[in-house]
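Each of the next two complexes has subunit A plus one more chain, namely subunit B in the first and subunit C in the second.
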Partner chain A sequence: MLDKTTIICRCEEISYEEIEEVIDQGARTFDDVKRLTRCGMGPCQAKICTNLVANIIHEQTGRPLHKIPLPRMRMPLSPIKLETLTTDSTSFSAVKSVLDEVELEDGKVR
Partner chain B sequence: METEVLIIGGGPAGLTAAFEMASRGLEVTIIDESFSLGGQLCQQTQLIRALPSAYQPMAGFKLANKLTEQLKDFSVRYLLGHRVIGLYADGSIGVTDEKDVFPVKAKKILVATGAAENAISFPKWTLPGVITIGAAQTLVNRDFVMPGKEALIVGSSDFALDVAYQLMEVGVNIKGIIEKSAVVNARDKEKVNQVEKKGIPFYFNSYVKEAKGNGEVEAIDIQLQNGILTETVDLVCIDGSRSPILDSFYQLGCSFGYQEVLGGWIPQYNKHFQTDQKNVFLAGNAAGISNHAALLLTGMISGISICEELKVLNRDAFKELTLSYWRELENLENKDAWQARIRHIEKFSAPLLKDQFIS
Partner chain C sequence: METSYETIVIGGGVVGNGIAYHLSERYKEGVLVLDKKYPMSGTSGSTQAWVWVHNKTPSWYAEFNMYSAELYPYLSKKIGDVEYKRTGGLSPFFNESDREKAKQLAESYRKIGIKIKVLSRDEVLKKEPSINPEVAGATYSSIDGNVNPFRLIDMYMRAAKKNSVHYSTYNKVTAIQKYEGKYIVVSDMETYVCKNLILAGGTWTRELGGMLGINIPVNQLRGQILVSEPLKPFLNYTISGLRQANNGEVLMGYSMEKAGFNRATTLDVIQETANMAVHYVPSLRKAKVVRAFSGIRAMPEDGFPILGKIPGFENLFVAATHSGVTLSPLIGTLMTELLVDGETSIPIDRYSISRFN
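== the complex of A and B ==
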């Protein structure tokens, strides 16, 4: 059904071929594909491409869908103006998961 | 802001849950990013027959009105046009009204965020004119806009056939229904008859090979079992089925399991529709894709579970109600969905995905 030029992530215009390539290089989860291609980093925040990518990983590798984990769903859950986010900056700074993958210790990444 | 119960999502599931709780005196706040209540029911004009015993068969948008109306005697706070965008470290929900971001602190949170439609990809599926069936339904029934004149429908579920019929009623010419399997997917034979009577062809064992067009869709190559058929169209409506909307659960730290029949990944929950985060409950399509009866009943079950925990419903009455709602659910939900739900609940203590934020 798909040819190599078929778009998989419409926000970032990532093609089937590009996804296939990174799976060949070892990508096994949506977040692997995302880190290597920008797939999922568009305005819809992966809402459209998550399942399409999971299906491709499944077809290419034979890995069952229940072994292909969900991507990280991070704050803000949907696009929001920076202006809005900063209006109430005292409570904004306490929002969980803004930078949860990078933990600082003495000003350096741990 | 503080509230006893925060319901995320004012669709049918959130509204029925709100009724159980508000009518027993709990302080309920409903947040929805849309400016009206009723969720995705608002653009459903088809008659919904199978509903819990408390409701008569009626059209979807009328059910949305009824569920909204029945709350009017109770003090429910509505945050319409508000979105949940994340979670604060102290467990408060991060909400925006598009001007500010502020925390809402709740004793119990009920997530009823519904489902999103899945895409199906084929060459040039991103051309304007290729849309989901839900989008077509919204354009026709809510916005009163004709999305096209000559259309193909991809998929033959009850939902797809309903929308095909609704499009026909406003004068869209449906050139065919493309189904990848060998039989119609819809369970309601009346719907199939209705569409067949209009002379619309079904293409079985078939799929979209590619869309063609310059700047918009102009034609579709249908891969039939024995060759290719090209149809000129300006509208293609895709039914790629639906999956639960999980982002709020993810932020809340809930665990997930997988049930294909229920839409793939779904939050792990017990028979009270309580997640492994003790104060987080769920209902509706967010708890697994099912029919309308199940949307309402899961709302009712989670609603009374919160009532019991917040001590506005005594244990005996709670047990009895839980039993009777579950009995109705068993009778009204499609068998495969019900069985998947039971399997899912049995796996409550052994989720496939957990501690997403820590790992």
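== the complex of A and C ==
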């Protein structure tokens, strides 16, 4: 049993007690806890705290560990420089500019 | 367990929770919010969360957004700190040819009392020194800002619970029936009965309408966002395309794709987003990206909110929209007026679902 003030997420300094509180509010998955407390949003991107949080959810709710979904893993799996992701392309298709979305009708804004 | 309610709100995102909280200010019991997961798991947890007015057209729609932005400072006073910051909003352009359009925009807004400035290159760089010096100009409005969407929902829920609103989460609605002037709401855990029913299921609202045989024309539009490591505060404004959050992270992205309900992040859009970000703010090149996420906007067929009563169904209401973060306090206020007083202080006829017939 962990002490209430034990830090579970070292990166974001989230304590056992804070996690317990949001589970009490209805959080049931790692992602719920993350959105409510920022636990898991630190530089290690939850590598350290995932299992600890899963265990607390298990303890508090009695839900079997294999039924507690893991956090959604997304690219990039470890931090990379933005310039590594850039390309030479100067055209945009999915990415928009808000001013482009302003529509003119007869030279006037609609 | 209580199963009979005056009002049930289906959906606990910024829209549903905004309504539930505002309702709870007017009547102290009989409100239930149902969510198939925990609120924030929908689109409200994967958003840029700009409280954004300027550049929205036509001007009557910008005006609607402005009223909501005006409510934010009061909302923070009532429910607690939601990290709302009225930073001012900057939309840079890189072609001199866009200046004419920017001026037209400013002119059409002037008539409704929203001040937009069209800035020269030097003015932009003075305001936001990190912007690419190749910038030609920008539109600027002081009304824009941003909020922390997680705090917003959490504070809404805490305030609503204090006012006796009930929540049932991880409880999906699977069927709705109309029976003797009441609605019967069947969910995974329970069957409820209510007088007023509000459909606020975000991008899933079409599905909810379908349960009653109503066509609510809401489609899906994916957006992808990149998040940087926390950087020391260096961006002064909410820039249309990126913003810096309170903890120093920069959220980059403004993309739209049709991908149904698929919440994947994809390399092509991530790359485009990276290109946009370094084009706007070159110093971001060296910043590290720690996360990418995507969210699915609820996009009504004609691009405007669907709000209000559903004709032919007494006491049935809908609130489905994009820009839900910006509009949440206003939608909450107006839907509450509609339910409690039968009319709204600002007309919402324009947003009625009946326009699609």
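By definition in this document, the second predicted complex is superposed on the first by the 85 of 110 C-alpha atoms of A that agree within 3 Å, B and C clash if a C-alpha of one lies under 4 Å from a C-alpha of the other, contacts with A are read in each partner's own complex, and residues count from 1 in each chain.
Following the convention adopted for this analysis, contacts are C-beta pairs under 8 Å (C-beta built on N, C-alpha and C of every residue); 3 or more make two chains touch, one makes a residue touch a chain.
These numbers were taken from a predicted model, which means no experiment stands behind them.
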Regarding the shared-chain residue A:I7, is it in contact with subunit B (first), subunit C (second), both, or neither?
first
In the superposed arrangement, which partner chain does A:L65 touch: subunit B (first), subunit C (second), both, or neither?
first
Between subunit B (first) and subunit C (second), which, if any, makes contact with A:K47: first, second, both or neither?
first
Kindly classify A:R35 by the partners it touches after superposition: subunit B alone (first), subunit C alone (second), both, or neither?
second
After superposition on the shared chain, which partner residues are touched by A:I80: those of subunit B (first), subunit C (second), both, or neither?
both
Given the touch rule stated above, what does A:G26 touch, subunit B (first), subunit C (second), both, or neither?
second
Same subunit A residues contacting subunit B and subunit C, which ones?
74-76, 80-81, 85, 87, 92, 94-97
Tell me, which parts of subunit A touch subunit C in their complex?
25-29, 31-32, 35-36, 38, 41, 43, 45, 74-76, 79-83, 85-87, 89-90, 92-99, 101-104, 107-110
Can you name the residues of subunit A that touch subunit B in the complex?
1-3, 5-8, 10, 16, 47-49, 51-52, 65-66, 69-70, 72-78, 80-81, 84-85, 87-88, 91-92, 94-97, 100
Seen from subunit B, its contact residues with subunit A in the complex are 83-90, 94, 96, 98-103, 116, 118-119, 121-126, 207-210, 223, 240, 243, 246-248, 250-251, 256, 258, 260, 264-265, 352-353, 356-357
Subunit C to subunit A touching residues, read off their complex
37-38, 40-41, 45, 55, 57-59, 91, 93, 98, 101-102, 104-105, 107-108, 139, 150, 154, 157, 167, 169-170, 224, 226, 228-229, 240-241, 247, 253-257, 265, 267-278, 284-293
